[in-house]
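In the two complexes below, subunit A is the common chain; its partner is subunit B in one and subunit C in the other.
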Partner chain A sequence: MTDLTLRGRSLDKGAVSRWLQDYGVFAAVAALLVFNILFTDNFLSAANFRTQLVQAAPICIVALGMALVIGTEGVDLSVGSVMALSAALVPLYLGYGVVPAILAALVAGLAVGLLNGVLVAYIGIQPIVATLALLVGGRGLALVIAHGQLVDIRDPDMLTLGSGEILGIPIMVVVAAVLSLLIWLLVGRTTFGRRLVAIGDNRTASTLAGLPVRRVLVGVYVICGVLAAAAGVLATARLGAGDPANTGLLMELSAITAVVVGGTPLSGGKVRILGTIFGALLMQLLRATLIKNDLPDSTAQMVQAAVIILAVYVARERGTR
Partner chain B sequence: MSAPTPASSPATDPESGSTPRPDADPVDGATPAPTEPAEPTGPASSPQVRQQLFASLLQRQGAAAALILVLAISWVTLPRFGSTENMRDIALQSSFLAIIALGMTFVIITGGIDLSVGSVYALGGVLAAYGAQSGVLMALLLPLAVCGAIGLVNGLLVARLGLPPFIVTLASLLFARGLLLAITSEGSKTRTISDSSFLSLGRDSFLGLGLPVWFAIVLCLIGGLVLRRTRFGESVFATGGAEQSALLMGLPVVRVKVTVYALSGLLAGFAGALTAAYLQSGVTVIGVGVELDAIAAVVIGGTLLSGGAGTVLGTVVGVLLRNVISNVINQIGGLDSNYQSVISGAFLLLVVVVQRLLSQARPRRRR
Partner chain C sequence: MVEQREQHAPVLETVAGTKRFVGTLALDDVSFQLRPGEVHALVGENGAGKSTLIKVLTGVYQLDGGELRHRGEPVSFGRPVDAQRAGISTIYQEVNLIPLRSIAANVFLGREPTRFGLVDRARMHREAAELLREYGIHSDVRQPLGSLGVGAQQMVALARAVHTNETTMSGEGAGAAQVVIMDEPTSSLEPREVETLFEVIERLHRKGIAILYVSHRLDELYRICDRVTVLRDGRLVHTGDLADLRRIELVSMMLGRDVSDIRRHGSTTFGDTDHAVVEEGRSEPVLQAQNLVSTPKVRDVSIDIHPGEVVGLAGLLGAGRSETARAILGALPLDSGTVVLGGRKLPSGNVGAATRAGISMLAEDRKLDGIVPHLSIRENIVLASLPRLSRFGVVSRTRQDEVVKTFMERLRIKASSPDQKVVELSGGNQQKVLLARWLCTQPKVLLLDEPTRGIDIGAKAEVQALIDELASDGLGVLLVSSELDELVDGSDRVVVLRDGEVAGELSGDEVTRDAILDAIAGDQQEASA
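Presenting the complex of A and B:
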């Protein structure tokens, strides 16, 4: 958080990078929109904007949880696998009704988050490693549950969740907006939010100040797990099938990038929710731009890699290691 | 990542500044290569010290003990396990992962991590298949050059720009996979290899063991010697142990970091080339999740993820343990192949938890 760096940087450069960090994501989203409106065919239509927002919804929901975790100077690599678990569990419990199916998925996300949190907070394992184990194990478990198969969903209520509308706005977008608002309130208006930021800023000082550091950390990983599970449910509903092999693949990378691009430093101590939402939009727009201009998947991956590096490079100024 | 917080500096640690601990790691001193810690001097008989010694012994030799145990049990209970054929198979399967994990060992000892090795490994194989069209030399040079360059860029981004290793290497995981897809028409084209002298690198045997096994043995021997007997090796330990001190001592920390990431890329590319020679083609779908296998093997072998300590021999034991277990799973049969990744994840978790609990039993490792 400190602006004191050992490198002698000129004031100008510092100011530029600080501006980029704070407003770069909004500028980038605006620039991509302008580019697409000018050069991409059929971009400027209500239907297309709706599609973009719907597709950004799962990334946004996962990124919200990731923003909280990164705010505590942690990281959660298991989010993609939690989405896969949702994709495996929803079809399995759909026989009992839509609500039990969604609950089952959310409970699985909660359990994974709890495990992550306990490993990080109570046992003291680095977040990368603790969540890496679940990144691999979680998807394996999802594939075992679903016997490695894609399961079609026929339940009309579940399908409505993915394609229905409320007052002309897709349900997925409404859910993402409500969750964004809740997380924004959680960070800005509650004791929990303040403690979370304090822990990310200086964990030792927080401990010495008597904050329940471990409980807050577990809470943060649980929220992240549940949000990832919710995103998995939405993605499954949207797809109309439970696909544990592909749902949420590389989502951890998109979510981390969305958070970092949005101005939340990896060194913790600061959470920017609005930036994260725009970060998620940016990731989606970037992908859409590449696809709509007929660039193959391979190029899309390489461009994404470059954007990630650029984002952490810009974010590094504020004490990121 | 886990930089030491200011408050845990030596000043607040009542343990530091006392006499050298009897259980000092053999690796963090200037002593060349003792395999066992020096006989405890001073208050050696106190139960606390004995407990610490036990913990450090378990951490360093636990993997070897587990390997022997698993080997013994499988040998007795599974009829086909002990056959020469099966043993040869395990050695061959382990050789590719061992070469990758060797590079990972160096990276992790400096306190970093390399998540790109799986993609780089696959890319190395595909490039070798391309290069093999113009002879064995190109089949080796092309993957080594490209994969080494990716590792070099990783190292520069981590060391020069100070970006977090896991983000940088996660990005290059994407990049390498993208590059692989780009040169194979989005993964739809698998190039077969016909150059016989290149194929023999992966398929021939010497003294009953496949050539990849010999490559792995030689590389691990060299790696172990470099780590233990050279100035570079000591700098690697110093960088991971206390980066600030290493910097202040005038060690070339940046160069060391760049070198280990470049080395990791080179070795992953070489393992990919050997795999291509073994499989007779550049298979595009291999290598997913290999980074986790390599990290798990390194950690199981007693290398600390926080950096500053570790051995090549431990990594080799970790690789063997992993492949023996997966061999046993295959032999039992009837198990969903997806259980492999569940077990890998659970095993990694178990190991880091045990390692963490053990290192808490040794005050000098407390952050």
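Presenting the complex of A and C:
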């Protein structure tokens, strides 16, 4: 009798925490949707859903890159500053056309990623320290480039990127979806992706297996940098102005939260792309819910913190098994 | 009456203990008894349930069915610390200490002597040094633990476990029987250290402390153990006095095979014939390592390996055997010397290039340097061969599955599916997964560093048979081993290392236990003379 109940309890606990880790983020998004549909005025409308998705898109794109970095047991704190660099560079090069302007921003993201990757992989600096340098320096550089000014964007093509639609779906959402799919394929199907996860799980073993550990690490930081730059371009287009002082501010924290809430462990060795996307959606919905119910943004941040702790706790439960 | 019963009552027992994991029954109705003051051997193949039983006894796992009793009373150790409080100390196969902290701090971890609420460093260092001297360790206890060799670290772990035990004991009143559990304590010890360990065990034994001793080395078991319990496939097969049991009977119970069958095949499963059919000079060596120097451990080593040849690498712990293998692979940068594979010189310190050229190494430390724990068996096997299984960087699932299936069958890897995480497998099966990883790269030369360490007799036999088979297929093998039998039976030629230099080379009929020992010992006399 007693051992029967004991067995039931221990199995249940393990099963519950495993389920929470695997599906918790989806359940949380669903629960928030249901709550809002029932209790929040004017929530159930196409226009509102579109707004929510558009606002979640930049977080989602940055979080994708962050998920890869975290999968290698690293972290990239410089993503917000890379977005700021985009905000500074896009208006500067818009005179040459939309494509050169976007390219300039992406190249800047690539350069930052390359620097991060080299510092981490070849020089051996801790990721948190290496990327901290560019968190500070990147935004500083962006402000210098833009002379600390907010620059209006009048180019209609650029503005379309932020507010236009393809087949009724906002362009920003389409871009986020395509990038998500690409990264998902990259992780699951390619040599690069499989190596990335192995390196995150056991770096020495990967080295001894002859994997190009350093090159993969550099690649991961470069991808993260380019994705952050892309998110910066979209955010700038959406805003209709280059605002290096505020674009991407605290984005690194939102992205890390989305990744962790989505079930990617900070200890590396596993990357959950779908979870990350829903993590980004959850962050956006959480904030929207609180704001729409007349709670200030600062409260939203505290709730965000509670969610992080909860997610890490659930992940920990599993890690000790 | 009551007193008498309490004296005979087991200090620790499981009654019909059952432990279930997803898909497997790790312990099935196991009634195990550890009596006060005995040295009890626990044996069984990998996956027999030894580790699970130990983890149940030490509070890492909880039984799903049955009962755990401590001195006759039902107990439930929810966490390892509960078991420790009950006077049960454990030293694991792998050292579970903190390499960056000082030796003394590790000994007293969690129980630091304090004065005015602060750690009393002077006292801690003094007491640690005194304690460790008994275990043959004379190093400066203020140095980080990581500066010691693996064997010495294990001794520190033992000292810590026993010391904890003794202090708990004095706190709880004399006569209270205590328990020390040792999970393969000798697997990384030198012979000298093994002797020290046995002295410590003898001392504990005299104090009336019960010892549960897990080892695959039969010599050790027969030397120090009173009783034995044999587990197989999660069930208790036999428990009784060890002296009454012939070795061959013990082995047959562990393997579940006929005694006659084992006799026929001997203690190792290497074949009788030498592989190197080619005469000296007739075939080109597939690998030529010339005058390798990689300070501080490798000082001057030259080794040739011909196709189809198993070259044994002998020497004491610290003689530079592992380091030589690593230097050949490029995991240790060379100060001088060259590695030539198939006529081409390899770049120094480049593991990737060596792997592509056809050298693979099975590392000594399976957990740290081998497995990628949370990835599946499939991903662990193909890890080093991804480019070959991919087109334009996209991995072909079909080809991958084919390769994985082939190797899992060929090496008889026991698992619920290729998707099972490697960390969930037994040591022997993990080792087979790693072997599969290297075979998958289609190497020309395989460097095996202690390939059978810490795996059970059954898996050991399979791995040894496989080494034989691979050499017969034309692979060059470098076999690093501390077990003389393995070197003698398995190698065509043996290179003996001492202090990072080649101290002797034996081939053909010269390869005997005595000759290897002489080569090592002769040099030692020279050194001391």
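The criterion applied here is as follows: the second predicted complex is superposed on the first by the 305 of 321 C-alpha atoms of A that agree within 3 Å, B and C clash if a C-alpha of one lies under 4 Å from a C-alpha of the other, contacts with A are read in each partner's own complex, and residues count from 1 in each chain.
Note that a contact is a pair of C-beta atoms (placed from the backbone, for glycine too) under 8 Å apart; a residue touches a chain by one contact, two chains touch by 3 or more.
All of these numbers come straight from a predicted model, not from anything done at the bench.
Superposition of the two structures on subunit A leads subunit B and subunit C into a clash. In the superposition on chain A, A:Ala133 makes contact with subunit B only, not with subunit C.
Annotation for subunit A, partner touching more residues between subunit B and subunit C: B. Of the two partner chains, subunit C is the only one that A:Gly269 touches; subunit B does not reach it.
Using the contact criterion defined above for the overlaid structures, shared-chain residue A:Met302 touches subunit B, although it does not reach subunit C. Contact with neither subunit B nor subunit C is seen for A:Ser163 once the two complexes are overlaid on the shared chain. In the superposition on chain A, A:Leu143 contacts subunit B only, with no contact to subunit C. In the superposition on chain A, contact of A:Leu208 is made with both subunit B and subunit C. Applying the stated contact rule after C-alpha superposition, one finds that A:Asn293 touches neither subunit B nor subunit C.
Subunit C is struck by only one stretch of subunit B after the chain A overlay, and of the options 240-248, 330-338 or 348-356 that stretch is 240-248.
Residues 202, 204-205, 208 of subunit A contact both subunit B in one complex and subunit C in the other. Listing the residues of subunit B that touch subunit A in their complex gives 1-3, 5-8, 113, 157, 161-164, 166-168, 170-172, 174-175, 177-182, 186, 289, 292, 295, 299, 305-306, 336, 338-342, 344-346, 348-349, 352-353, 356-357, 360. Interface of subunit C with subunit A (complex): residues 20, 62-67, 329, 331, 351-352, 354-356, 360-361, 363, 368-375, 379, 382-384, 386-387, 390, 393-395, 437, 441.
Against subunit C, in their complex, subunit A makes its touches with residues 3, 6-7, 10, 189-192, 194-195, 197-198, 201-202, 204-212, 269-270. Interface residues of subunit A, counted against subunit B in their complex, comprise 75, 119, 123-126, 128-130, 132-141, 143-144, 147-148, 202-205, 208, 250, 253, 256, 260, 266, 296-302, 304-306, 308-309, 312-313, 316, 320-321.
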